[in-house]
Structure formats: structure tokens, C-alpha cells
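There are two complexes below, and they share subunit A, which is joined by subunit B in the first and by subunit C in the second.
Let's turn to the complex of A and B:
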């Protein structure tokens, strides 16, 4: 038994990297032609969990809700976090869920993880949905303290207290770095800028040990994988999927092209003469005076 | 009516409203003016303020469109904290006596509509509050309409056509910036899963809606609320709070040079060129949203310096208004345009004249950035020694 039990909620998302992502002619995402991978923010959350593995020998479970192929997201997260347990919550009944109905599944899933969970990590937000709502809603349903935009954390194992740094951007004012303390259990949505650092020799040795272990485990990830359908999970069918979603997508339309707000002068990019004029204009705009 | 009014959750820093708070109030006022004429004159725009010694702010909010302000004042509410704020706002949103203070219509159970800001604070707060209130939430909205809709939905209405009155249509641009999704929060009227979902709530993108002109003659009521909390609600302690300057500084620079997916043919090289151009013009570097998803493999330095959310210009990032904006390899999705349209002078560098950016710039340089920027740099360098910057 470990003294610290961690769960990570991850998501399978479209791979937005060039060569893998495909866009339709109108600029929208071509989902059929775009591969799916572990979402980049989910990867950061997995890194944050791995930090606890290295520092505190934490036990790590990675969980996701999605179609059967979402197990590849779990595998990729295991490679990053050296997870001891992988959970896939998969049922046609879950399809079409909004954030509240998704949070219901993820919350119930945490109760199926071995041991009593102390920290749940999630990414900042999914790169396709981009709501950033599922994490905090899962936290609230769990009754865990929610800490968002976390850029750094450590756990005082004696007092069972988490100390975290949060980066909050106050639009129109400035950024604030806030240091907070909260007793376990907590739910941490990790900021994209989070970077784990391992400073001592023993930390680096542990890092290497677990990283090697993670490679082996990820190769045999199916040994660690448990798949739950709605019944096995024991969720209330009225609270998940479309029936459990307060919101619906009513319509999807192309955003109408805005009226041209400026009239562009077209300049040939290969013409030095024309670019020289652009250069002059640029300095004019910036308030410079051409003195010659 | 069990569900009444439009509650707007205000964000502020020591009593100074965050701009989006006034923008939300402005849009709330416009929507409810229409609502008051069409449906009922009794329903109000209600601002919700948590803070410590910020009564002055409450008065201001009335001048900016609120009919009523519910004000929770406590030393514990000095700085926003998700846990306690969620508790207090949820108490406010379900408190009938409070609503009766500014409304003559009894039977209030919950707000009909609720607005939050789609920033670091409001995004998370809206999520936890709507989890507590067990209703629907749409994020990052940039257009709102109240309408009677006929809905036929497999689950909501069991396939029957049904009329949903006074429904809030919440328009949300997707990540590509080219699609608009309309989200509705609807009661389940299907007898098998019957359930009411109110408030209909959303978070609103900063910088989209215009605030009202301040009108000191506008009247409204401030209602005090004494929040109740126990030790458990206070279990998050703020140890330290430090104001930091973002590494990315759009505000004090006269110019911004942004790049987008047009770097694709030689990403590393192109990012270098953009960096050089920015240095020469003493400009800050911006990016389009897709770049923040790190779609290209470049050196760690280029990736961690440039392909970061802090640099995103647009509705998912920052609004900028420099004297000069150079968009290199940016196609010009609506959500990017919204972040730079206030710029003084816009230069686009793009090989494709059909790109939407062409309609949003003053000079369109036709060509790939890897071909154009080196020439442009040379011409700028030739001119630079002749330039004296006006102080």
C-alpha cells in the first residue's frame, strides 16, 4: 500500500500536429482523417502524477471515459506516469455526454480505483472541446477541493497537506501567482506551463527507475487495463450520456464571414521596391520620422 | 415562475471590476430589455458581488446596467477562492428571500439565466457552481439570443415536437474559429427522465460585448447578504499572493508580430525570422490559437518560448491593439481577428489571397513568409538608421 494515491483523468483528442491533423477546405477540422492521441494537457497531468511517483512513491491510476480505442490514450499516459492501474469507462450509453454527465462518470470511476484517492489530476482543458469544465465539475461531485491553473505543487506527507502555486491571469490587469494550502484530498487541474523538476540525486535515480518501469508497463498496458461499462461502474443511467446532459447542441453553422473591415493594398512579396515602401510605411506607423 | 432573473457573477480586483464584468452587464441589460418588453417586466438583471469593503463597486454596477446587486461582504471573501465562492454564490442563487428584496414576484427558486466570465476565475467558478446547482453550462460564448424554440429531441422530448419558451441560445465559436455551435440548456420533458435544468448558464468571452455607457442616474437596489460558512469551507488558505509581470507583454509594445500555421514548410526557420522581425521593430510576438497546440516539431527553445497559450491573440487568448500588427502566415479565423481588429495598422504576409486575413489588413504582402520576411528585414534595416523615433 502506498501512502499517496493518485488518479489522473485523461482524454483521447484529435492530434493537432502537422501531418496528422487534417482540415477541410473551409478551415474546419476533418475528424475522419485526423488521428487521435493522448491530449497534450492530459500529458501534462500525467507528468504531474509522475512527479508524485518519484518524490513520494505514489500509486498512480489513469482513468478515461471514451470509446474502446481510447485505451491508446491510457497507454500513452502510462508511459509518462508509470501508472499502476488503467481504467477505461466505455459504454454507448455515455456517448454525447456534456461536461456534467461526463463528470458523473469520472466521479464514479474514482470510487473504483484501488485505495482511497488523495489527489486527482486533470489537464487544463481538452484541445478539441476546450471547455475546461469537466475537471472542476468532477472535483465538485467528488467533494474534493478544486485547485486550478496549478504550476507547481508539493505534498507534506506528515500533515497530509498540499501546497500549490497557481498562475491566474486577471484579464485587463496583471497575472497573479498565488500560493495556496489545502488538506488532502484535492483535485488539481494542472496548468500547461507546469514542468516537473528533479533536483536531488536520489530523485534523479528514482526518476530513472520509474521511467524504465513505465516503458515496460506501457508495452504490456493491457495487463493493467480494466474496462468498465455503465452497469459495471454502477452509474445511474439518468445521470450519464445524453439523458444526463442538461445541454444539447442545437445547431452548428459556419461563422458568417465578417464584412471586410479594411481595404488592403496588395503588395508583391518578391518586389524589393514595393517592400521598401512597406518598410517606410511601417516606420511611419510606429511614429518614426524619416529624416532623410 | 420558479425561475426568474438573470444573475451576473462579477469579478473584480479589490473593487475594480475586471472589464468583462461590465461587458457581461451590458449584454445582460440589452437581453433583459428585450425580455422585459416581450415576456415580463418583473425580471431583473442581478449582479452578484463577493468581496470585502467594495460597496462602491456595487453602486457602480447599477450605473452600468444592474437592476439589483446582491453583495456578500466578508474578510474571507477578499480574494477569490473557488471553494468558498462556489458555496456563497450557490447560496445566493437559491435564496428566495434575497430575490424578494428586489422583486415583487414570489415563488423564486433559482435564477433563469446566469452569466460568468470565461477567464481563469470564472471558467472554474461557473463549472463548480453549475455542478452544485445541477444544471447546464456552456463555455466561451460570444453571441446570445433569447427565443421561443420548437424542439424535437430523442432524449429531451422523446422525439415529440415541443415548445421551449424563453430559451437562451448560446453561441460558441469552436477551436478552429470557423464553426459556431449553438448550445441550449433544456429541461428533460421526456417522462422517463423528467427533470428541470435551471439556470441556463454560460461563460462569456472577454472583449466581445460592449459595456453600457456609465449612467449615474440609473437606479437600483443593493441587497446585502451575510454568507454562512464553516471551517470546512475555509480549508483552502492563501499563503502568498504575488503580482507578476507576464513574460509576454503586449500592452507596452507599439507593435505585435504574429505567426500562424503558415510557418509549416520550415517552422524552425520561420519562427527565427519572426523573432528577428519582432526584435528589429521592438515588437512582441503573438501566435494564432492552433500554434499553441504545438502542431510542429521545433527545437525546445522555440517551442517553449513561442508556442505557448500566453501568446495567443484572439478570443481564446489576448486582445491586442498595437499601432502596428503584422500577421505572418495567419489565415484570419474570426476568433483571431477578434483579438487584433483594434490594431492601428495591419500588415499581412500570406501566399493565399483568398485568406480571410486579406479583408482585415491594410497591406497584404503576397508571398510565403520564408521568402518575404528576409527581404522585408533587409529593407527595414536599410531604413532603420534614418529613423528617429518620436518620443
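Let's turn to the complex of A and C:
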């Protein structure tokens, strides 16, 4: 048994990177043509969990709600976090879930994870939903202290207290880093700027060891995978899927593109004259600015 | 509470990794600190790796440290031909030195250090893990101190930690040596500067061209006018599907008449024999017609690039038995013949639709450089300081005697000796200089390699003379007549060598390692006895900027080098001698732009020189 049990909620999301994403003529996402991967924020959350693995030898479980192919997200998360356990909550009954109904499934899933969960990590938000609500709602349903925008954390294993740094960005103000502490269990929504740092030789050695282990595990991820349907999970059908979703997206509008006011002139070539032309233009445009 | 380890090895090259493996084999915990993000990305060599069996004494070979070496390691080709060519213009005179290459050798393999070092790291890392140690990469050691008996090691990346023993394997530009003051920086007289390009050439073309079987390879050395009057020479080694072509010159000879390293390697590539060695069929894209609509221009550009890529990949596979097999087994082609017809089809498409031309030229993959310590002149007499043991290049050790060029094997042998000395110290918990350092020093004294760095080996000399027996005495005679006569006679040779060894290498070297030996005599030999060679084409030689553009770096905004005196004569020479043109003169002062630095250390003597921080700097793909 590990002294620290971690769970990570992840999400399978469309791959918005260049060359992988495809749009319909009306500008909406062509889901059939777009590859799905582990969401970028979920990846950050997985990294945060891996940090606990390296520092405290934590046991890690990665969970997700989604279609059967979402196991790919779990595999990718396992590669990042060296997870000991993977959960996929998959049932037609879950279709059409909003954030609250999703949180219900995720909360119930946490109770199925081996051991008593001390920290749940989630991403900041999803790249295809952007609400950032699922995390806090899951925390609320679990009754865990919620810490959002976390950029760094540390667990005092003796006193069972988490100390975390939160990045507070308010428009028009300086960014503020707030240091908070909370007794376990907690739910941490990780900020996208989180980056784990391993500062001692032993941490680096553990990092190497677990990373290698993760590669091996991810290759055989199905050995670690448990799939639950609604019944196996034991959720209340009224609280999941469409029936459990108080919000409905009834319309999506495109934000009109702002008209560009720039004029571009292309100067091709690399001869002295051509470069001089570019340099002259730059000086003209920069006008009053003094460059030395 | 500071973390504490038994042994810290600094530097993850072939020597440092061998020390880690050996210590782990002996059941000792050791950690290895490497600055590169991945082990192997900072390593470069000529490169032939030898395994030796000296008549007197024994050395620790690579296969002793890694028992799976011959079965499993990514080695290139077993060198079965070793030729020395004297050149003058289009004339080449060849001596077959295969017997010298095989002298007291189990084998000599051509190697590319990036992949080989990564393999060493995997083996050594796995063994070390079992003893609670391992490899920590991406970390640059910046200082060592001794507040007590243990050494406190500070790095740019990690919290300080301590170690009872330290093995310094941080190369020719050893920072550990500088930090401890164990030795001064090497001077130009003690160094060679080596510069090398990796040339792409399909597997079976290599075998046909060099007349070698599968897995076999050839080494060709060059002296004469290709040296542009510098002391040293060129080399061309066959790898599996690349060639290593380079030039190695005495650094002091370069200081006397500075010549750009890239010019030196170009001189070699332009030699008709070498040009014919490296030539291949190369696809040249047509300039895209700028009058076409933008979309069409893009389409043509992408289509051409993609087809050329396919053509190259298929062609490389076609000229390799395993490549052909792989394509057929993967179900991509039904028969091997189908691959060929596909190549022809792609080539035809490129020619007819995209006006691509197929010309004879050569393809360069990577440009690199390093300093090589001349063991004869700079091997550390006392290769330790307190509880720090120096091995390989860091200790200035390598055997370079005429065509005998050995560095990697010497480093591995040193590593085992150092590891054994440290293991013995661990058993007694005594890391004092008397018990560990002196003991290691004695083991190094006992090394046959040390002997080779100090004394002339008359048996090796005999092989060399036998190979040169057809050389008319009048060419050599003018300069070395007396010496040659002595050496050619069995009984007198013993006497002569004895006398020479009494005189000592120090006095002999300036005579032997001279322009006469490396330039004039070979030129005369080639002129008088050489056969004419012609190259069917002129290789398109890349500029330094083009060579640098092909390299991979993880840029560090902060420079790892600080110029101390921008007006010194030495620094002015760096403008020419830096292999990647990092130095230039502005307003009479030498200025540095470190971004293209490949960390060779050529400028180290008069600069504040550090390796870049962890993960930063050059990332060699071949090495």
C-alpha cells in the first residue's frame, strides 16, 4: 500500500494541432475527420500526478468518462503518469452529459479506485468545452477541498497537508501567486503553466525509473484498464447523461473575425537591394521609435 | 540534509559509462552526471573503437565491460582494410597498413558515438539501477568542494549532493580538471583538432566501392597535399550506411598558419580519390517558377519534396539486404524487384513532371569537431586529485602514433582501472589520496597504453617499415637515410629504438611529427610513385553556415564562453580556427556569437570556457 493515493480525471479531446484538425464548411468541428488524443490540460494533470509518484511513490489511478475509444487517452495519460490503474466509464446512458452529470460519474468512479484517494487532479479546462466546471463540480460532489490554478504543490506526508501555489491572473492587475495549504483529501485543478521540477539526484533517478516503468506499462495498458458501465458503477440514472444535465447547449455562434487593418508587402529574395528595401520599410513604419 | 552517494562519475561518454558499468558489475552504487539531455548527444569521435591484446600486460576491453557488445551493440563495420595514401594533386601512392591496424588487436570497429553511447548508457544504466545508482542526464556540474572528507558537488540544475569518490570523465575540456587544479588547460602543442563530416552512402554501394563484405569495412588515411601543409592527416572510414570523413591536425601547426577547419575537410573531399569515395546519385530540385499561382507553387514544392523523400528512402532500402527484406515482409511490396521498379517510377515522375535532375554529388549529414589530447604529450602524470580520479580524454590519454589512432579503448581501459580503485576504496572505506589515488595512478602506470604513450614499440615499427619496404630509399633517404637504414635491419632496429627511447619521445617527436613526415615526403612519394586518379565530378561543398544550419541545438541564451582578452593574438586566430565561425572581428576586437558553438574547446585556452548548462547546446545525431 502506498502512503499517498492519487487519481487523475482526464478527457479525450480533438487534436487541435495543425494538420490534425478538420472543420466542416460551416466552421464547426468535423469530429469524424479529427483525430482524438489526450487533452493538453489532461496531460498537464497527468504530469502533476507523476510528480507525486516520483517524490512520494504515490499510487496513481487515471479515470475518464467517454466512448470506448477513450482508452487511448488513458494510455497516453499512463505514459505520462506511470498509472497503476486506469478507469474508463463508458455507457450510452452517459451521452449528452453536461459538466454536472459528468462530475457525478467521475465522483462515483473515485470510490471505485483502489485505496482511499488523497488527491484528485484535473486539467484546467477542456480544449473542446472550455467551461472549467467539471473539476470544481467533482470536488464539490466528493466533498474535497478544491484548489484551482495550481502551479506547484508539495505534500507534507507527516501532517498530511498539501501546500500549493496558485497563480491568480486578473485582468488589469499583476499576476499574483498565492500560497495555500489544505489537509488531504483535496481536488487540484492544475494550471496549464505547471511544470514539475526534480531538484535532487534521487528524484532524477526515481524519475528515470518510473518513466521507464511507464513506457512498459503503457505498452500493455489494457492490463491496467477497468471499464465500467453505468450499472457496474452504480450511478443514479437520474443524475447522469442527459437527464442529469441541467444545461443544454442550444446554439453555437461563430465569433465574427475582426477586420484586419494591416497591409502586407512581400519582398522576395536576399540580394542587398531587396534587403535594403525591407530595412527601409521597417524604419519607415517604426517612424518615431528610436532604435540604436 | 544533503544527499550522499558512494561515487559520482562526471561525464557520460564511453569512458564515464564504462566506469559506471564496471562499478555496478562490482556491486557498487554509482551515479553518473551527464550534461546532454540524452546521453550520447555530446559525443563525437573519429571513430574506430579497438579491442586490444598487448603482448605484455593486459588491457580492459569494451567487450569485457559489456559482454553483449559484439552481439548487440550498434557498431558499424569491422575494419578489415587499413590504407595510408600519400597525395599530391591527382596522384596517390598507397601503403597497405592492415597489418599495423591488426597489430595486437582483437578487432577494430567503425562506430558512430551517438547511437553507441546511447547503447552503453542503457546497459550501464540498468546495471547501476540494481545497485541504487543510475544516470542523471541534463545536469551540468559547476563546482566541487571539500568541506569535509566528502566532495560536495554543485550543479546548475540540482540541489548540491556529496560523494565519497569522484571519477572525472568530462572530456578533453575537463572542467573538473580546471576546478580542482589537477592540471592546467592543454596547450596547442598537446592537442589535435579534429573535424569530421558524416556522408550518406547506401550500404551495398559502400561494400562495392570499398571492396568489403557485409559487416566489413575499410579505413583510409591521407597525408600529403590534402593537409594543406599541416601536420596531421585526413581519414575516411566506412560505417554501415554512412562514411566518416575528417581531418585531424596538430593544433600548434594550425596556430602557426591558421586554416579554417572546414577548409581542411574540404581539401580532403576535393581530393579525387575521396571525391570518388563519397559520390552518390543526388536529386536536385528545380527552381520553382515564381510566375505560377501561389497555390500551384506550394503544390509543386510539397510534391517534389515528398517524392524525393520517398525516392531516398526506397533507394536506401534497396541497397540494403535488411532494408529490402523489411519492405517485403511489411507487405509494402510483393517482391524485391517491385521496389526497384517503384524507385524507377518515382525517379521518372520527378524527372518528367517536376523537372528534378539527378546528378553525381555527395550528401553531407553532419559536421562536427573535437579536440584530441595527444597522450604522448599530455597524459596526466598524476591522474588524480584528492578523491577525484581522471580518465580518458579528461586525463589527456590517447595513443596517437603515426597511423595508430586510439582514444576510445584507452578511455574504457582507464575507466575500469578507476572503477576498480574506487571499489577497493569503498571496501576499506578509505578514499584518501594514498589509498585510492596513488593506487589508481599505479594501475595507470601499469597500463600497456601508458607504455605506448611513452616508448617506441619496435615491433609496431617493423610492421610499418615492412609495409613501406618498396618505397625507394632515395625519397626517404634524403631526410631519414640514417634512421631508415638502422630501422630496416633487424638487429640494429633494436639498438636504434633503444637509443631513441633513451632520448625520449619529447626530443624525438618534433623530428618525427614534422611537415617533412606528413607533407613533403608523402607529396614526393605521390609525385614519383603515385597513380593518377580523376574524379568524374566536382563535389558541391557546403559553406560553414550551411553546415551549421543542418546541426541541431538546444539554444541557451546565456553564453557558456567568455572572451577574456578580445585583442589577444590567440583570440584573433580563433576567428579562423573556430570550426563553426563563432568568432568575428568588429572594430579591431574579437567578438563571440556562441549560438553555433559545437563545444569543441578550440578557443578554451584563452577564454573562460564552460560546457553549456544541462540539456543546452549541440545535439549531435551521429557523433
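Here is the rule we use: the second predicted complex is superposed on the first by the 247 of 292 C-alpha atoms of A that agree within 3 Å, B and C clash if a C-alpha of one lies under 4 Å from a C-alpha of the other, contacts with A are read in each partner's own complex, and residues count from 1 in each chain.
To be clear about the criterion, a contact is a pair of C-beta atoms (placed from the backbone, for glycine too) under 8 Å apart; a residue touches a chain by one contact, two chains touch by 3 or more.
Just so it is clear, the model here is predicted, and its values are computed rather than measured.
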In the superposed model, which partner reaches more residues of subunit A, subunit B or subunit C? B
Is A:183 touching the first partner subunit B, the second partner subunit C, both, or neither of them? first
After lining up the shared chain so the two structures overlap, which partner does A:69 touch, if you call subunit B first and subunit C second: first, second, both or neither? neither
Applying the document's definition of touch, where does A:268 land relative to subunit B and subunit C: first, second, both, or neither? both
In the overlay, answer first, second, both or neither for which of subunit B and subunit C A:95 touches. neither
May I ask you to decide whether A:205 touches subunit B, subunit C, both, or neither, giving the answer as first, second, both or neither? second
Could you give the residue numbers on subunit A that contact subunit B in one complex and subunit C in the other? 268
Can you tell me which positions in subunit A touch subunit C when the two form their complex? 199-202, 204-205, 208-209, 268
Within the complex, which stretch of subunit B touches subunit A? 13, 16, 18-20, 79, 81-83, 86, 117, 119-121, 123-124, 126-128, 130-132, 134-140, 149, 151, 153-156, 169, 173-186, 188, 190, 192-193, 195, 197, 206, 235-246, 254-255, 261, 264, 267, 281, 290, 293-297, 308-310, 316, 323-324, 331, 333-334, 337, 341, 344-349, 353, 356, 358-368, 371-372, 375-376, 378-380, 382-384, 386-390
What does subunit C use to touch subunit A in their complex? 3, 5, 31, 125, 129, 133-136, 139, 157-159, 161, 290
Touching residues on subunit A, where the partner in the complex is subunit B: 16-18, 21, 23, 26-29, 40, 98-100, 103, 127-128, 130-137, 139-141, 145-149, 163, 168-183, 189, 192-193, 238, 242-243, 245-255, 257-270, 272, 275-276, 278-283, 285-292
